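Below you'll find a set of structures to go through.
Same chain, two partners: subunit A is paired with subunit B first, then with subunit C.
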Partner chain A sequence: MDIGTVTERASPRQFGPKDDLPEEYRKAATRMIQFHANSEIMGAYLERPFIRQAPSLDRKLAFSAKVQDEIGHGQLLYRAAENLGVKTRGQMLDELANGEGKFLNCFHYPMTEWWETPMIGFFVDGAAMRRQATLKKTSWEPYAHAMDKICFEEGFHIKHGESILRELATGSRKEQELVQDAFEEWWPRILQFFGPTDDQSTHHDFASAVGLKTMGNDELRQAFLNAYLPKARKYGLEIPEYPRINEGEDGRYEVVEDDLDWDEFWQIAKNDYGPGRQQIDSRKAAREAVAWVRESMETPGSGPGSDTGDTPQAAD
Partner chain B sequence: MIWEVFRQEQRGKYHTHCGNVHAPDKEMALMFAQIQHGRRRPTHSLWVTPREEIGEVDAEETSFGGTTDKSYRWAMTFNTDEDFAAEIAASQREQEAAERERAERGDDAEGGGGNAEGGAEEGESA
Partner chain C sequence: MSTETTGLGTPEDLTDAERGAVEAELRPLADGEFVLAERYTEWQVRAPTLESDLAISNIAQDELGHARLWYDLLEDFGYTEAALIWEANPEDFQHPTLVELPLGEGDWADAIVRGYLYDTYENLHLRALEGTSYPWIADRVGKVLAEEDYHTQHARNWLSRLCEDDPGRERVRKALDRLFPYALTLFAETEHEAAIVDMGIRTESLADMREEWLGVVVPHLDSLGLSVPVSEDGEVLVDLPDQVGTDGSHTEHWPELFEEFTHTYRELELGEPPRLLEDPDEV
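Coming up: the complex of A and B.
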């Protein structure tokens, strides 16, 4: 199939592993799905410490279920990407470990405090869910199938995130202040979630022409703001003055792009942002620490104690 | 030799189990599958796989979803509203449907209740 045919036929769930697709399509789809899969994994690592740090048993259970789901989503997506025949799962996981694999801007920032968790669990996941719902209509069938299962599960994640936000926002004065501080810190990053405006997005045209993407960054950002700005206000969060968000007469929001730190954004996009590097390296260390588990599954009898005498390590 | 047959009705939909055929090899299995399972019902693609290659675990051997209370895994547990965003509402509707099906089937999982085909979702991750 040539690009012309692909563009002509492009529609939801149109292409699968049996189709002879041009390299350009397969590479673009791989880039997109690998990015998505990497983000699931890096997001899970960011939230994992809160299984321990959560203030109640209910929250611990929900966080452990959520982290488990996200790792599962990563696995589903690596399978969907692997089907394109460009990269193997092993290659993609290696790339993530050695700093070549790209992932969402928000997951490059450290998250250390409990009151920060709704910033990821409600706002970032909500933004991701908005985008993922549109990807049920992507032209790469295995990707759409992964989305069916991911979207099924994701409702719990976002409601859990909102439940934490509500608890903090209706809690003590101190809690309200802390969640407001966290919001101010995270809000600009959340606004950058959907990337720069479409006219500056490098991969948008091709991906939408071949049906991989069904909605542009601008439209997604609008839809997100329409649903989530009122939520932030409902919980008494004050929207920072900067970055400015202008509301047009038609009810459309316009983020003043110049108010956002695009140097930092592009630095992150290249995996060159210091704190992000640390996240990458700490996941790499966790992966290496439990290499013995994978090895002993693949080669029974080769586990620790069998010949090396090493003490088995845990991921953390 | 027995081959299990999976039919996909339309491009982009899921292959779902629809029966099995006797055949000495894959090629013959594909031919019989077309005749037995692809003639009347709308069919876009068929898969065949040797029955002995299929692994199975059933409700006799395990308790799917575990035996402890896992309500913390469900959107319905959290009483914030879901209708502020269509995609969250859709996710919750799917979870409610899955929970209803589980409740209706109860412990009487015997007989399998046909195929659990809704087009997509099975619930939790591994």
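Coming up: the complex of A and C.
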């Protein structure tokens, strides 16, 4: 199939592993899904300390389950990407460890306290949900298929994030102040979640033409603001004065782009932002520390355990 | 004290002695599951592969779920989750010290050996609770046992896998040498031991369970080319560690872990841990 045919046929769930797709399509789809999968892993990495810091048994269980779900999403997405025949999962995981793999801007920032967790668990996940819902109609069928399960589980995560936010926002004065501070710190990053406006976006046109992306950054951010500005207000959060958000008479919001730190955004996009780099490197160290296990799995059969017959499938 | 075969009554009906014995049986069990889970969750997003990450997360959540079931039974006696965990003192916890030991970075062998030693014990312990005289425990044993079977399978499969090559087996050997003495704390008796057995709260003594446990663990480890400090006639050749946990004595690692997991609760001066479920039997 050539690009012309792909563009012509582009529609929801149109293409699968059996189709002979041009390299340009396969590469673009790989880039997009790899970014998504990486983001699941790095999001989980950022949130994992809060399994320990969760202030009740129920919260701890829910947090552990959430982090596990994200790893499961990563697994599904790497598989959907692998099917394109461009990169193996191992390659993609290596790239992530080496700092070549890209992932969402919000997961480059450090998160140290419990009261910050709804910033990811409610707002960022809420934003992600907006985008992911549109990806159920992406033209690469395995990606769309993965999205069915992911969106289903993401719905629970957002409820959990909202429940933590509600608890803090209706809690003691101290809790309210802490969550407001966290909101002010995270809000500009959340606004940048959807990336630059479409006219600045480098990969937008092609991805749209071949049906990989079904909605632009601008439209997604608009939909997010429509839903989440009222929610933030409902929980008594004060929207910071900057970045300015002008509400038009038609109900549309306009973010003053110059109020956002795009230098930092592009630095993050290159994996050059200090705190993000630390996240990447500490995860790399953790991954290298268990390289011996992966090596051991690749060289079986030299010991007395090898003839026991219970091949460790369940261990997976 | 005679053996009670007709069963103990509802939480309110228990005599002080009966209640004391039930609590003494439940507390180490609840704390053991809770703290083991706490250590397991350290592996989340750090396990060797995505698949093993998912598996260890499952196990951690199972153990947390079990802890919740046992804590819930203690709450029948008027304790709150806050008092049992979040506002407790570190020395109130009675988990065997095996589960509180820190995990070395990348020491997956530790997670597996610890899991194997603990799960084998837990399995025996749960079986000794199937015929318990306290009906509230009996109600919950089946659910817990069903999940523990998977844990034991998981641990055994991984043990075999790691022992398939020399470097892997060497890692397992080191973990086993370090953990084995602490595994003996799983069978450390408390002052309530006689009462627990006499009242039929548990149908087997810890001493008997220890014999059974050795009977399973020693030959299995031996078949994998691992040795444990146990003589041919079954005598354990290492001493019990100074801190056994079930008597409230703990290693220096415990206060640090306790400090970490109670950090948010203290910082927010909560007073009450957020509950999402009214009744843990719902899950």
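Note that the second predicted complex is superposed on the first by the 293 of 316 C-alpha atoms of A that agree within 3 Å, B and C clash if a C-alpha of one lies under 4 Å from a C-alpha of the other, contacts with A are read in each partner's own complex, and residues count from 1 in each chain.
Here, a contact is a pair of C-beta atoms (placed from the backbone, for glycine too) under 8 Å apart; a residue touches a chain by one contact, two chains touch by 3 or more.
Just so it is clear, the model here is predicted, and its values are computed rather than measured.
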**Asked** Is A:V293 contacted by the first partner subunit B, the second partner subunit C, both or neither?
**Response** second
**Asked** Can A:E141 be said to touch subunit B (first), subunit C (second), both, or neither?
**Response** first
**Prompt:** Regarding the shared-chain residue A:G72, is it in contact with subunit B (first), subunit C (second), both, or neither?
**Reply:** both
**Message:** Just checking: does A:R166 make contact with subunit B only, subunit C only, both, or neither of them? Give me first, second, both or neither.
**Reply:** first
**Request:** Please indicate which partner A:I3 is in contact with in the superposed arrangement: first for subunit B, second for subunit C, both, or neither.
**Result:** neither
**Asked** So, does A:I245 touch the first partner subunit B, the second partner subunit C, both, or neither?
**Response** neither
**Message:** Quick check for you: in the superposed arrangement, does A:E153 touch first (subunit B), second (subunit C), both or neither?
**Reply:** first
**subunit B versus subunit C as contact partner of A:A62, first or second or both or neither** = both
**Message:** Comparing subunit B against subunit C, which has contacts with more of the residues in subunit A?
**Reply:** C
**Prompt:** Taking the superposition as given, does A:L229 touch the first partner, subunit B, the second, subunit C, both, or neither?
**Reply:** neither
**Asked** Which positions of subunit A sit in both the subunit B and the subunit C interface?
**Response** 58, 61-62, 65, 68, 71-72, 75, 163
**Fill in**
Counting only contacts in the complex, subunit B reaches subunit A at residues 11-14, 45, 70, 72-75, 77-80, 82, 84-88, 90-92, 94-95, 98, 119-126
**Message:** With touch defined as at the start, can you tell me which subunit A residues reach subunit B in the complex?
**Reply:** 12-14, 16, 18, 58, 61-62, 65, 68-69, 71-73, 75-76, 126, 129-130, 132-133, 141, 144-145, 148-149, 151-156, 158-160, 162-163, 166, 227-228, 230-231
**Item:** subunit C-touching residues of subunit A, taken from the complex the two chains share
**Value:** 41, 44-45, 48, 51-62, 64-65, 67-68, 71-72, 74-75, 78, 113-115, 163, 167, 171-172, 174-175, 178, 283, 285-290, 292-297, 299-306, 308, 310-316
**Contacting residues of subunit C [partner subunit A, same complex]** = 34, 38, 41-42, 44-55, 57-58, 60-61, 64-65, 67-68, 71, 81, 85-86, 105-106, 108, 150, 153-154, 156-169, 171, 223-225, 260-261, 263-265, 267-270, 273-277
